[in-house]
Amino acid sequence: MLRLFTLCLAVVLTLAVPASARDKLTVYTYDSFTSDWGPGPKIKTAFEAECGCELEWVAVADAVATLNRIKLEGANSKADVLLGIDTSLTAEAAATGLFEQHNIDTVNISLPVTWADRIFVPYDFGHFAVIYDSEKIKTPPASLDALVNGDPEQKIVIQDPRTSSPGLGLLLWIKAVYGDKAPDTWSKLSKRVLTVTPGWSEAYGMFTKGEAPMVLSYTTSPAYHMVAEKTDRYRAAAFSEGHYMQIEVAGILKSSPNKPLARKFLAFMTGPGFQNHIPTNNWMWPAGKTTGTLPDAFGKLVKPEKSLLLASDEVNANRKAWIDEWLKATTR
Amino acid sequence: MTGSAIKLADLDFCYPGGEPMHFSTTFEAGSFTGLIGPSGSGKTTLINLIAGFEEPSSGSVLFDGIDATATQPADRPVTMVFQDNNLFAHLDVFTNVALGISPALDLSDDDKTSIAGALEETGLSGLEKRLPRELSGGQRQRVAIARALVRNRPVLLLDEPFAALGPALRRDMLRLVSTIHKQRGMTVILVSHDPADVKFAAGHAAFLDAGQVVANRPVDALFSASDIPGLQGYLGT
Amino acid sequence: MAGTVALSFILFIAVTPMLALVAIAPAMPELGSDYLSFVWAITRFTLLQAGLSTLLSLALAIPLARALARQAMFPGRAIILRLLALPLALPALVVVLGIVEVWGRQGWVSTLLQTTGMSEPLNIYGLPGILIAHVFFNMALAARLLVASLEQIPPENWRLAAQLSFTSGHVFRHIEWPVIRSVLPGIASLVFMLCIASFAVVLVLGGGPRATTLEVAIYQSLRFDFDPPRAVLLALLQLSLCAGLFVLGGRMAADIAVMAGVGKPARRPDQHPSRFKDITVIAAGLSFIATPMLAIALSGIAAPFAAIVSQSVFWRALGTSLLLAFTAASLSLVMAWCLLAAQRTIMRRRQPSRAAAYLVSGMQASGSLILVVPPIVIGAGWFVVLHRTGMAAALAPVIVAVVNALMSLPFVLRILSPAVVGQAQVHDRLCASLGLSGLHRWRLIDLPVLARSFALAFALAAALSIGDLGAAALFGSTDFVTLPLLLLQKMGSYRSLEAAGIAIILAGFCLALIWSAEQLKPGARMS
């Protein structure tokens, strides 16, 4: 038995040693970005064809978790680039001192807001929304208020604001709408919450599997079901208070030994080789230059009447206190 | 091989929470003594003290005049056969006996010959490869005696080794021990709960009561004596 | 002396991070009243779920154990008893997957209830899910321990009961209950301690902050918030909670033999009258325990194994897990042997000195130390220490292996201790008279006689280490992935088929380990 075990061990160890290769760019991101149906694999192919290098995606549960990972690893991080945090975290990320100015030409960038950040480069944007299953819910909530005060038996899956950017987005959304009343709002809403997942993929997977009739996601999510599955069963609920906006960005680590390659990647990120894959793979609005037109499905999506966005500095100053508030309100 | 004289010089011993015991007696070289006495009188304790399994709080154990009180059991001139658990259940007869010669099982040809001789002498030839569980109770104790033979120590201590055997088998075993004693001349001490065994096999008998050796005399003298306190009561005569 | 070295090592591993945590504690920034009320809420929840889990596990285990002890002769009984031993060796994460398959909103039970007209599907997230999983693990453990105790009842008692024409009620009152009552406090505190320190179950089935335990909060404070001071606060809280409970009642748990061999089943006078009732109870208990295992097996069949084995990360995770398990189990066995051999040497003396007596009780207590200082707390302490020195990445596997070894130590000791003590009673005098000691004794006597116990202890320790999520989750990184971590990632990214495949592989390793250890004949040589 012992001998067999040793043999197995030897085989496994031999197989486990990674083959070393060309110049390698390591990018930390959230896991849905790198999944088979996400933009990651296609972008990898496009960028590798252009740079003659290897692009390695390292998937960490969700966006906030990627930043935690970077903080944890500090100067020893293997990452050259962090891709996937949004504007609610950029001030905090910049304050760690682990990121470097991007120094690239941002001529391709186009957003609903003006972009002046010197460290992070945006690659897409969207609005958070509650997606519902129209076969199970006939009258979706028409406002955040209706969601909060609705039937507690109709469940929603949300994400943890400590690890996930939609989770943090909802926290800020409620803060932006309710201000000091946010804790009460959370106490009420938590009765409708089936479970709080660490990441977006897990929550969305539970929703599509039928575990809950609602999930926190994006206004753009129904486009995926219309394009890929030819169904309009899953729809976004338009909220009268407005929708919180998310701008997703990428930045270069100071500790990166491959800075020229990292800059090349960020510049590539603003062009069609990257941006063309965003709408129909990441299911967000592109923030850079694309070629070709968007699928019709994007025309049928909910258009928020009002975009909500708190300043990154304000979020950075209060995030911890607001999360504690949330922890207290949801355990009460 | 001749036996050692054993002297117990004012041995004091006490189990935690038990009555104090005090032993002072001599076993002549080459004698065969049976220890009798009521349960709890200290028979097993006495031979455990001789073998070194118990440490006296004072007094000493001498073999041929040499103090061995501080000597480890394995280094005393003693070999002991217990009532049970004399054999390692996972080792065969040959190995169990061989351990009496060398704990590392480094055996010379002479050693193998002497093992074969001891097995022959105890009537176990042909059973070398058997495991203890494949032997009868009597055969198992014969293996223990065979090991005592190859160890070839001047003192043989027997702690009721045949108590679990039937009367006829017990006589056989006592006869075997007697024969070995006559041939080799070692000092033998036999603990027994049956005075008849002692009368049958031993030349001397010692009567223990309440943690003391009350008397230690030739068998006939002891069993016919009337001056030994407690003996009549014990024998029921 | 080896025992002292082992004891010092255990104390070093467990106490160093504690000291580090305490040293860091004064530097804590203000925590905020919101956070403190969250901490208070999860402390209450931690105790609540552990208390309810213990109550439910025991309340269900007692009838099951009675039924199994009473029906001593039916075919398949031995298999059922072995099935009861499995949950202990199964990775918590795998079991959680199985429980979701059976009890989840889309699970078997919900589907069944919906077809029979109950409209609302079950909601497994939160307290109900945690309780189901804890009862799964601990009812099986408690039932097996109770059956073992009931089978120690001497057969004369049953003959007497037959003569006195006892009914099942009389039997319970006069014979069974006194036995159950004597072991119940020990089992209850063991189960309670295991539930307090439960990690993977709460992490996955808790469903967010409202059902979080201290153990999970420690992990989150390090991995979600990267906030060591908070982790320190939570770890110290968890530590004082466990230490307090251990002083109150955990000591009783130390005497429980976890893999207790089952005694001789007795023919009992109340066997026939209760047959139908007992079979119902056994069938119910069995289906509760077997369905999640079956669910894992069924969803595993459909898993895309080709896709799983084509991923290099799978092979790295497998290699890491096997290496960790091998190291942790070996270390655990060496520590256990050193402690036991030292105790044996000291106890052999008639009157051990006072200092020696303290040393022995220290060694006995150290085996249960991990119940007082949970793996996550030790891991968190080392995490904080190592991150300050920048050695976390390099030493992560070592720490995880050592923490896993300590985690298995109570179980390893409970398997080895009776065997070593029994072996010592039988052989000590003989070995002493033959001069068998040291290496010779080890090679010729101890190893062959104890081979089966060693193998079983090794297998259990390796299985516990392979399935461990707690310590590995703290130190996990792209360079350090274990199979359970990979499984958690697959579950998180909702690759449920791949997750099922990894779960099957993980469970397969654990079961194969235990199974092959049990194949060794008692007293057979290890080759």
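Each chain carries a letter (A, B and C) given by its place in the written order, and its residues are counted from 1.
The rule we apply is simple: contacts are C-beta pairs under 8 Å (C-beta built on N, C-alpha and C of every residue); 3 or more make two chains touch, one makes a residue touch a chain.
Since we're looking at a predicted model, the values are computed, not measured.
K.L.:
Quick one: do these chains touch in a line, a ring, a star, all-to-all (complete), or other?
P.N.:
line
K.L.:
What chain is most central when centres are computed from CA atoms?
P.N.:
C
K.L.:
Compute the centre of every chain as the mean of its C-alpha atoms, then state which one is farthest from the centre of chain B.
P.N.:
A
K.L.:
Roughly how far is chain A from chain B, going centre to centre by Cα mean, in whole Å?
P.N.:
About 84 Å separates the centre of chain A from that of chain B.
K.L.:
Using the average of all C-alpha atoms in each chain as its centre, how far is it in Å between chain A and chain C?
P.N.:
37
K.L.:
If you average the CA atoms of chain B and of chain C, how many Å lie between those two points?
P.N.:
The answer is 48 Å.
K.L.:
Could you list which residues of chain A touch at least two other chains?
P.N.:
none
K.L.:
On chain B, where are the residues touching two or more other chains?
P.N.:
There are none in chain B.
K.L.:
Given the complex with chain A, which residues does chain C contribute to the contact?
P.N.:
Residues in contact with chain A: 32, 34-35, 37-38, 41-42, 45, 104-106, 120, 123, 125-126, 207-210, 212, 220, 223-226, 312, 315-316, 318-320, 322-323, 326, 387, 390, 393, 477-479, 489, 491-494, 496, 516, 526.
K.L.:
How about chain C: which of its residues touch chain B in the complex?
P.N.:
350-351, 426-427, 429-430, 432-437, 440-441, 444-445, 448-449, 523-525
K.L.:
For chain B, which residues count as touching chain C in their complex?
P.N.:
On the chain B side, the touching residues are 16, 51-55, 72-75, 78-80, 82, 85-86, 88-91, 99-100, 103-105, 151.
K.L.:
How about chain A: which of its residues touch chain C in the complex?
P.N.:
Those in contact with chain C are residues 1-2, 5, 8-9, 12-13, 15-16, 18, 31-32, 35, 58-59, 61, 64-65, 68-69, 71-74, 76, 78, 153, 155, 160, 162-163, 190, 193-199, 201-202, 204-206, 209-212, 320-321, 323-328, 330-332.
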